[in-house]
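Letters A, B, C and D name the chains as they come in the text, with residue numbers starting at 1 for each one.
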Amino acid sequence: MAEVVRLDDARKFFPGVKALDGVTMSIRSGEVHALIGENGAGKSTLVKVLTGVHSLTSGTVYVDGSSVSFRSPHDSQAAGIAAIHQEASMFPNLTIVENIFMGHHLRKPSGLLDWTTMKTRTSELCGRLSLKIPPDTLVRDLSVAQRHQIEIVKALSIDARVIIMDEPTASLSLKEIKELYELVRKLREAGTAIVFISHKFEEIFEIADTYTVLRDGRFVGDGRVADVTTDDLVRMMAGAALDRLFPERTPNIGDISLRVQSLRQAGVFEDISFELHKGEVLGFFGLVGAGRSELMQSIFGVRGRDGGSVIAGAVELKALRPQQAMKEGIAFVPEDRQEQGVVLDMSIVENTTLASLKAVSRFGFPNRRTELSTTARLAKRFSLRASSLLQVVAALSGGNQQKVVLSKWLATDPRILILDEPTRGIDVGTKAAVHSFIGELADQGYAIILVSSELHEVLGMSDRVLVMKEGRLVAEFDRDNAEAEQVLGAAIGATTAQRGA
Amino acid sequence: MEGISNMKHSGFQGTLLHRIIARREITLLVIIVLLVAAVGIRAPRFLQPGRQLSILNDTIILLMLTLGQLAVILTAGIDLSVASNLAFTGMAVAMWNMMMPGVPMIVLVGASILIGASLGAFNGVMVAVGKVPPIIMTLGTMSVYRGMVFLISGGAWVSAHQMSPAFRGFARFSFLGLPSLVWIGVLTTGLVYLFLNHTKGGRELYAVGDNETAAGFVGVSATRAKIKAFVLSGAIAGLTGLLWVSRYASAQNDTAIGFELETVAAAVIGGVSIMGGSGSVPGVVLGAVFLGIVKNALTVIGVSPFWQMAIQGGVILIAIVANTLMDRRNQARLSMNGVSA
Amino acid sequence: RAEGPADDDTLRIGLLVKSLGNSFFEAARDGAMEAAAELGDVEVIYQGPSTPTAEGQIEIIDSLIAQGVHGIAISSNDENALVPAAQRAQRAGIEVISFDSAVAADGRSIHLAPSDDELIGRSQVQAIAEMIDYEGQIAILSASSTATNQNAWIEWMRTALEDPEYANMELVDVVYGDDLSDQSYREAVGLFNSYPNLRGIISPTTVGVAATARAIQDEGLVGQVELTGLGLPSEMSQYVQDGVSQNVALWNPIDLGYAAIYITYHLLRGNVEAEAGAVIPAGRIGDIRVGEGLVAVLGEPFVFDASNIAEFADIY
Amino acid sequence: MSVSQRLVKTFVRWEAVLVVLLVGVFILNTSLSPFFLRRVNLLNATYNFMERAIMALPMMLIIIVGEIDISVAGTIALSSTMMGLAMQAGASIPVMVMVALGTGLLAGMLNAVIVLRFRVPSIAVTIGTMSLYRGIAYVILGNQAITGYPRELAAVGQGVVGNTMFPVPLAIFIVLAVVFGVVLHRSRLGRCFYAIGNNATAARFSGLPVDRYKAALFSLNGLVAGFAAVLLTSRILSTRPNIATAWELEVVTLVVLGGVAITGGKGSIYGVLLSVFTIGYLRFGLSLINVPSQVIGIITGLLLVGAIILPGLFEKLSNRMIIDRQLIPEIDSEATATDA
């Protein structure tokens, strides 16, 4: 198949960081090319180079065999390259139509914008993804998943020859992922080249034809997916083999440490009751939009509720302030790390101690040395990849930012941990570290709620699984009888699994 | 079988009513109607058509400046130099007219737009290219441009008898029963509306203010958008400078002093998000008209002059809060509908 | 610091005005410069804040103290707020007088009033009365509500209106245009609307009277609403010639600046004492007599009408 | 060099620019006027800008948490008015001061309530309360002034410390600056302010009482405005509703020239201190040589812009140099290595 884009010995240096350091890659039409590597390996940077957001420090980009230099995303779009970026890149206050056509609005002969045609085109494109939202809906009124789908529609709208998807499935539900696969296959058949970035191996094996592995910004290897195994890829990515994905452990379930009774918030979640025990990992599974995040936020006190009660230990959490939950030993790792998790412009140290400032302070003044040692200990535990603990978090890769959030909450010395999608966007190595870590904590008597949209993770880690659907708890499974199909069925609602089945 | 995420918003498909109520301009319109009615009860003369025209006349300059302010705020900026720009340009063209009374008005109109636009361009370039935060840049040029009025005028005023009759009459000659000032205001409003809603360049202002990174990803140049916004704001300020000195037949050093915050207030009342990316021309029109009515109403219903400032402040507060509340309630109701649908 | 300047010093006198960029004070500066040129051993420092605030004037007084001027003549934005600063200057041995708009008595020696407050108030009422045949509603459009001199005149206008010959005239409102064109214009229009039978407006402030004239013209009320006030001939020339206003009055700001420098000079040189009854020679103006409360009055306001305003318009 | 080091450098460089400016202002003024570098003049000049300088301290915190308060000048007018009413009602000086502080505090609290309860942007709210507060002063005073404050009151705003020549307001400012500096840069609270300014959601999700801190800061800002009213009243020994006109933008200017990011989350007390004295002495020096006020306005305006633009330019230049020097040779050596 014809090579469309070729990257030759590409280097991209940021002050102090070599994000790309001699990467060679060949993208062919009619092929799905997986780009894999640990957090911070340089994948997103590569995307930004190919889309003209960043310019290369050295090296060459070839399109159709001739060398080009993209000075702006315009040049790259003109060359037929479109991307779905990892960071949110939408205009929340603008309509869907505008989000899709921004940068390449359609115009009437008079030079004025042709809204009618743009709307029709939008409906058409949405139709291809079986999306049925009015084109003049504001994007801020869409769910995370819907936004992602709009991003895909956007890439389609410019009839790109190369579409790059940077972790496109990270916030999609299973059904939507399936739809995405369909679409990718259709595009491939039509001769489009697809670059697919993902940390999920099942996905890579399901959809990709070829792969390129990066490590520390360097090119490690490439080839056909059919010729390799997961272990091979992991070894290439991490430089060493990985033992196991989920830790083996014998749960030691103790007393009730958190009791939620008839909790409800109108229109978001209804009648939620469950108990969480010491030493237990309680998995929450559901499709995106099932209301799990909102439930957890309400338990933690950063979101209101309309009724019901939350009792931690012996104390009822009445005040809608996270401070009270934290006092009772609850820690909450939120799902949206950029918005809710990290303070981007502050250093790793400052982020890590933010929720436990009291503990590292004396007379209201944080002690620099205590802060550093706390942070260093946690950074080591999560093998944080940073050039210095004083580095600002904005300069870390997504996965490493997530590690900082985890560190922040462990520093509070919690007894109850609520983890909302803790491994989203995290590479396998770290994922395994987080998993073993969850296991360790449970063994030490922590009570843990694990919210995840990854079925394997929920099944592999949890002692008990609760399934949410449209704001209600619809099923409960023990570790022993939690079968993938049944759990998924309950979440989708195809089989009417009853609670306590 | 539809995905839950798709069902969630089927309520949005929305009746016409929903779509109308969702527009926060309606709230403001209702507030304005109530206000006018209340004032009218107190002072029936206030409701006479001639009176409305005179309020309109009085509001046009604020409205035009606020349109420029809107463009800048849309890009998540702010232009505090508009009033100084107005004063400088007004003084410059008035002095030109004084020295060369024969120069035709059309030249002065062009000159005022050009002078204003260049002052705006200076703001824009420094903000967009020099990365100076807009509020700092325009706080700076607010005093720089104001000082320049003093420098070119030497501290003196240009008065009515030094202006040519054409210059003095420019803002008020009547056409189809309306003064030229109003026509120019309407024309400007129309053009800005067309620009913001029906041209690529206009939509890009929204994009840049809403999410600059994302704008970069789709090849929208934030630099160009910001410069455009400031140039537009400056050009309008320049034109209003000419209109102002012509209307009051006097160019002074402290012309329109303190007006910059009034334009911001009008924009905010009109529902423009100070964070950028959201705001509309109809909203701004209503915001400016609202302020204009408040100012004029207070003088008409015989409120003690000492009460006027407090009442103005209070009414502005109420309008802003009511506007925000309505907006939030509508949002809540809509998403609620969406969820239960 | 030694008391008073030495005889062979060039006297440095600060002329501190309400704000720079105001034609009235630019004219006063010209007068001050003229006086300095005549006297020979005087240097005038013309200063004022960029907006008419007391705080800005205090800052300048302190800078004048720091640079060791010999005298300061102030047209104040706030008669009370300037007192502490003026007293600081006095303690530093500086001769402080006020002109045009007074500093309260304990902050200055002599105040040079452009004219007698009572005279101004009465003559303005008399002027409007003649224009409207002693009959009908009148209103006052002033500068800012905190301007002392305006308030004093307005008080005298009220007093005057109690006289029997004005029995058929009614003062219906006092409004404030803050010496801003747009605000004054809006207030004027507000008056027309609130009082359909309004016959006359007195606007004892230069910005206000010009803006009111413009408003009368724009609303087509020439002849129906009469206007008088205190206005610069340059600002009002057009309107007086157009018949919007039959006449306006003002003292000569050039003479005001001129006399202020002469008074300060003679006080500094010890030629006269600052006391009631003192007579101070002021060049071409002649002698100025210091009255009760150490207030000296420059003269009567000069009335500008269609016959003479054009010739003054080019001067101030 | 890491990104954080770079940030630190920019930051330090910002203050360095201000130091250079301040030194430049001193050298310039000293060479232009023989009166500038006299101790008594340098000290006395501060009386005129200390109220605004003191206001800049809480304003700095408000801007760091990502809010703004445009109503401060109105609050000063209102507090001074209330203080005057108290005086007329026969209150003693301490009671008058309490009344001024109380009024300021209430005004600040009202701002806080409206901003936080109704979630309206603070710039919008305080543009409204700016008119409201000053308007109430007009309602109360009309065209009257309050005079007749006891002379002892002058000891606060015009006084000196003990037998020295050191102005009381300057002393108060220095004490307050130290307190604000320690709180901002050393304490847990300060850390929280930066976090809130950078990302209020993340701060809330980390258990920081974001709204309570913001409310406290608005109230504090009002309280300090009340105190500034005491200083100003004591300095001019009278009250009119138009005192402190247009100070709101001057205070904001002091803060942003000091390097505090208007978007929140960034800034330091050192920058604000430097900007206070740079602007204060620049204006004083220029007025000593009788530069017209409008021209002083032009110069300070240009300074404001220049102070922002210059460090950026330096940084760009030096970055280019860093990349040139450190990275390019490495590429070259590698290139030659593969060639060989």
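Here is the rule we use: a contact is a pair of C-beta atoms (placed from the backbone, for glycine too) under 8 Å apart; a residue touches a chain by one contact, two chains touch by 3 or more.
If you're wondering where the values come from, they're calculated on a predicted model, not measured in any experiment.
For the interfaces B-D and A-D, the C-beta contact count is higher for B-D.
Note: centroid distance chain B to chain D, computed from Cα atoms, is 29 Å. Between the CA-based centres of chain A and chain D the separation comes to 41 Å, rounded to the whole angstrom. Chain centres here are Cα means. That of chain C falls 37 Å from that of chain D. In terms of their C-alpha centroids, the spacing between chain A and chain B amounts to 42 Å.
Among all residues of chain D, those that touch two or more other chains are 138, 142-143, 246, 292, 294, 296-297. Those residues of chain A in touch with two or more other chains do not exist in this structure. Chain C has residues 19-21, 50-51, 145 in contact with two or more other chains. The touch graph of these protein chains has some other shape, matching none of line, ring, star or complete.
Two chains count as a pair here when they touch; such pairs are A-B, A-D, B-C, B-D, C-D. Note for the complex: chain B touches chain A at residues 2-6, 8-10, 12-14, 194, 197-200, 203-204, 206-207, 210-211, 213-221, 273, 277-278, 331, 334-336, 338-340.
Those residues of chain A that touch chain B in the shared complex are 51-53, 72-74, 76-77, 83, 85, 87-94, 98, 102-105, 107, 111-113, 115, 130-134, 137, 141-143, 145-146, 154, 173, 175-176, 266-268, 287-290, 470. Put simply, chain B touches chain C in their complex at residues 43, 45-46, 51, 54, 58, 61, 146-147, 149-150, 153-157, 159-162, 168, 172, 244, 247-250, 252-257, 295-296, 299-302, 305-306.
Here chain D touches chain C in the complex through residues 33, 35, 38, 41, 44-45, 47-48, 138, 142-143, 145, 147, 154, 158, 232, 235-238, 240-246, 283-284, 287-288, 290, 292-294, 296-297, going by the rule given at the top. Across the complex, chain C meets chain D through its residues 19-21, 45-51, 53-56, 58-60, 62-63, 65-68, 78-85, 104, 144-146, 151.
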